[in-house]
Amino acid sequence: METTRTERSYAREFLKSRSGVAGLAILIILLATSIYVVAGIPSSLNTKWENSKAWEGNPQAAPPVWVNYLGVDAPQTLDVNLDKFTGTSGSSSAYSSTQTFTWNNDVPPSNLVLTPNFGGAAYELDVIWTKPDGNVVQIALSFPTSGTEYDIHTAAVSQSLTKYIQSQTGTFVTVVTPNGELAALFSNDGPRLLNNSVQKGTYSVTLQILGDQTLSPSSSQVSLVGDSYGTMGTDSYGRPIDLGVLAGLPWALELGTIASVLSVVGGILWGGLAGFYGGWRDKVMSWGTLVILAVPGISFIIALSFSVQLSLLVEALVIAALSWPGFAIIARTVTLSIRSQTYIEADRAMGISSTRTFLTHVLPRLTPVTIAFTALSVSGVIIFAETLAFLGIEPGNVITWGGILNEAITADSSLHGWWWWTLFPGIMILVASLPFVLIGFAVDRIVAPRVSAK
Amino acid sequence: MGYARFLIGKTISYVLALFAAVSLLYVGIYPSLQRVIEGSADEAASEFQRNLVKSHTGLTLPQIAAAVATFKSNYLAAFGFNQPYPVKFGLQMLNLFEFHLGSAYNLQAPDGSKQVADLIIAYLPNTVVLFTTGTLLVVAVGAILGLLAAKSAGGKFDKSIPIIAVIHSSIPAFWIGFLLIAYFAYTLNWLPSGGISSIDVAAGVLPHFTDFLWHLTLPLLSFFIVSVGGFAYVVRSLVISTMGEDFVTTARARGMTDRRLIFKHVLRTASPGIATQSILAVAGSFGGAITLEVVFRWPGLGFLTFAAIQISDLPVILGTTFILTIILFLGLYIGEIAYGFLDPRIKTGD
Amino acid sequence: MTSLLEAKGLKIYYATPRGDVRAAEEVDLQVGSQEIVGLAGESGSGKSTLALGMMRLITSPGRIAGGEVLFEGTDILTIPEERFRKDYRWSKMAMVFQGSMNGFTPVFTIGAQIDEVMKIHGRDGGELAVRKLLQMVDLDDSIARRYPHELSGGQKQRAFIAMALALEPKMLFADEPTTALDVVTQVSVINLLKRLKNDMGISILFITHDLALLSEVVDTAYIMYAGRVVETGPADVVFNRPRHPYSQGLLAATPTLQSREIKGIPGFMPDLARPSDMCSFSARCQFVMDRCTVERPGLKRTDGEDVACWLY
């Protein structure tokens, strides 16, 4: 007593499947996140991402902030803002601003970035750095430019610091690593200077600007660049992984959906018609399926990308054009078994046109399978596209997880132990494709009940 | 005989399909291909010029220039340049199938040759080794896992198979590679992080072979991990649906042991379907296998392709694409033949 | 007459989302040695289920929910599976299944499968033995080398009967062995069954819709309705003077040479997943009384046969 099942009962059964519902929930979260990304992250990020200069203020190849909870001492970036300037103006003007901060880490920061802001031309800028024990280090810059970022690699800065190290240790150091210079700013004084012993406590920074005309100093910054950043760390250019991971989401979902809908619908129609027609048309159409099946998708797109400019739509079209054969093969098998059933014979006997029979009897029976395939295929397309991106094939001007992973392997991230750089984009690929797989499997189990023996 | 007819028919249809697939490829790469041929012509012409000058033929400079120009136009004519499209298409396809793949822009084979064909010959065996051992392993182990799961349908083990399949379907192969490297190579230091051989291997065949296996382990394991779950799931589904057929009840009534029933009757009946699914699995895991070579710096065609992408070495990319098409095609063809062999309906020519 | 096979209070249920489908409920059935017993009833009344249950072949979602099956006095439902497989399956009890055309494994030849069943039970088997079996069912020797799909439906069915006889079982279940056969072949199968009984001393449980056919061969008849036996007795009694209104209706629905007019039984069989206390036939019965809708009649001995009806 086979009862025909309605869409309603399918839906009810789907909601009973725990994995299916979990997939649906993840999918909703992903969609919400996508909307947030599209609305909240400016599209200029894509260009900024490729500009390595734009990320110099961030720590490079830094682990996520939360590693501090795992017993790793990786200071976060600390910005010391200097905005209240006092001083005299006129033909010999001098302004200064002082700010204190507390440093309680065992290690110094990984860099120091100074961004002074003042209207007009100054001839000298001094940073007077007072350590908790009262010792003073002075950094002097001649003819500074307002708004420029000076960091530990700036010649004048490192010269001042080398001079200081020399005065304390009595030895002349020709090459000092940035770490050494930073250590000088944070360590004990005297001969023990380079022992990496950091003074904990309250520091004070004074910014002094000297000029021969009136200046208008405004909010300036001394940024102590940390050794950890954000929720997912940074890559070797200082780009935050979490930002990249978020920015890659809408692209993956959009591409996955477009390509899989196209390929599944195309494949189902192709295979369904082949099985339905039978005879020579079936032979020709099945052969056509084989032709596309024999094209190695990844290589083909790689080769194609040298002749055709890829964009999201082009890539989706090409992926769809190459990935339908699997669906066609299965749809054909299903149709063959439907065709052998009597009502189709009956239609034929009654002279009902075959197109109509296909639309009324065959296609509806293929619909549930189509839904299962589409869901499964989205994950397939996402993985496929990220794999391509990993190989270096992606539309210009997009941030992809595969692209981030490509840079990770080029930078030997595993060798350096920068696990966060590969872990999070990979997990994101998993998270983005998982809901579709879950939904697909759940639907598949409902529409093919024989498969799931209880 | 039925099977012979099946073989001939399938072979013809597959050869035609290969031809069609390569034609498609040809259309897709047409502009790049022309550039590559011209580049190769220039390369060959300057080689020719160097030889002329070196061999002191006593020719004057204008004579040499004329000879070089003729050489180049002959070279291009062999590829159908300045000819109508159909002729050009025919000649260039002919050259493709004769493996005249031109010379690389920058990449070199280990013996120094810049011929794309030589590069491919140098890298191809490693891909074949990795890919065939991987596929065989996946098909064998996946079939056993799927059978065991189907046998205990509803049990704990059976329930874990779909879960594994779900996870596998959502993870890209290369990322599994990353994780395995991080764990086995950098954390445990058990296995090499990549490459195909160590520098300091003792002389002799055996040390080299074990060293090779040692390097093969991680890429193979990655390939296995990404592919086996999905395949086991497919086998399980096929076996379970076969177990629902009438002949299984009658076979049990006949007093067969479960083992005989499942491993002989059910498996044998489901095997044509398993062969078809293997075909699809091979086609599906192909791309993943290529990226694994990149992650493990395994010197195969995938790795070569990656290197070529990095420096836009177009001739190499076109060459590897062509060869990979042929390899994939061979995999499909073997699967089809196996299918015909396993299904008596085809063997007896029904 | 001591019985070879006996079902006592056998209950077989199929678990479905709507609840248990009670396909056999409290069934008592006996097959004496060298006896042909007929089992009739409309489609879905539980005939095949009963036979499969007695062969211990019910698998999930079905289960045996109660009762016992005695074979030569031993309860075969309680002996360990491995012993049952070795000592009983096919060697003592074999079955020609409903739709035996799909009973052969599609990828092995007929001969190989008949040979296999002999080998796994420790017999010699071999080409000669297979040929002898095929001859018994009027099949050509060459059939042995063919695959199932190369045979016609009738050939497959006869080949399956040959396989069922391979171990000379004492008990043969024949579940509609003649469907899909033309009339001539039907007759030859019926004659074969008679021969098996007379020459080899095999007992047969013969299941069919076709009461005319049944009356030709059987010694005892059982009529089943909605999972229960509603009438049983010697064949001549049941077929000539059926008492249960359902049996009467069933007989009237069978075309005979005498009357060409066929009368069906109006209405449908009740849902087996919804057990009730009334007589399951009451909704379709033309003699229905008040009592029928409140209390179920049990089998009662009257005039040399058993009937479950309040009329008697």
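Lettered A, B and C in written order, each chain numbered from 1.
By our rule, contacts are C-beta pairs under 8 Å (C-beta built on N, C-alpha and C of every residue); 3 or more make two chains touch, one makes a residue touch a chain.
Bear in mind that the values here come from a model prediction, so they are computed numbers and not experimental data.
Undergrad: Chains in contact with chain A and with chain C: which ones?
TA: B
Undergrad: Report which of A-B and B-C is connected by more C-beta pairs in contact.
TA: Looking at contacts between chains, A-B has the larger number.
Undergrad: Between chain A and chain C, what distance separates the C-alpha centroids? Give it in angstrom.
TA: Averaging C-alpha atoms per chain gives centres 68 Å apart.
Undergrad: Mind checking the centre-to-centre distance between chain A and chain B? Centres are C-alpha means, answer in whole Å.
TA: Distance between chain centres, rounded to whole Å: 30 Å.
Undergrad: How many Å are there between the centre of chain B and the centre of chain C, using C-alpha atoms for each centre?
TA: A distance of 56 Å separates the two centres.
Undergrad: Give the residues of chain C that touch two or more other chains, as numbers and ranges in rising order.
TA: In chain C, nothing touches at least two other chains.
Undergrad: Scan chain A for residues touching two or more other chains and write them down.
TA: Chain A, residues with two or more chain partners: 453-454.
Undergrad: Taking the complex as given, what residues does chain B use to touch chain A?
TA: Residues 13-14, 16-18, 20-21, 24-25, 28-32, 153-154, 162, 165-167, 169-175, 178-179, 181-182, 185-186, 193, 237, 240-241, 243-244, 276, 280, 283-284, 286-288, 290-291, 294-295, 305-306, 309-310, 312, 314, 317-318, 320-321, 324-325, 327-329, 332 of chain B touch chain A in their complex.
Undergrad: Along chain C, where are the residues that touch chain B in the complex?
TA: Residue positions touching the partner: 52, 55, 57, 59, 85-86, 88-91, 94-95, 97, 99-100, 102-108, 117, 120-121, 147, 149-150, 160, 163.
Undergrad: Mind listing the chain A positions that touch chain B in their complex?
TA: Against chain B, chain A makes touches at 19, 287, 290-300, 302-304, 306-308, 326, 329, 376, 379-380, 383-384, 386-387, 390-393, 402, 405, 408-409, 414-415, 417, 419, 422, 426, 429-430, 433-434, 437-438, 441, 448, 450-454.
Undergrad: Provide the residue numbers of chain B that touch chain C in the complex, in ascending order.
TA: Touching chain C: residues 245-247, 249-257, 260, 265, 268-269, 271, 342-345, 348, 350 of chain B.
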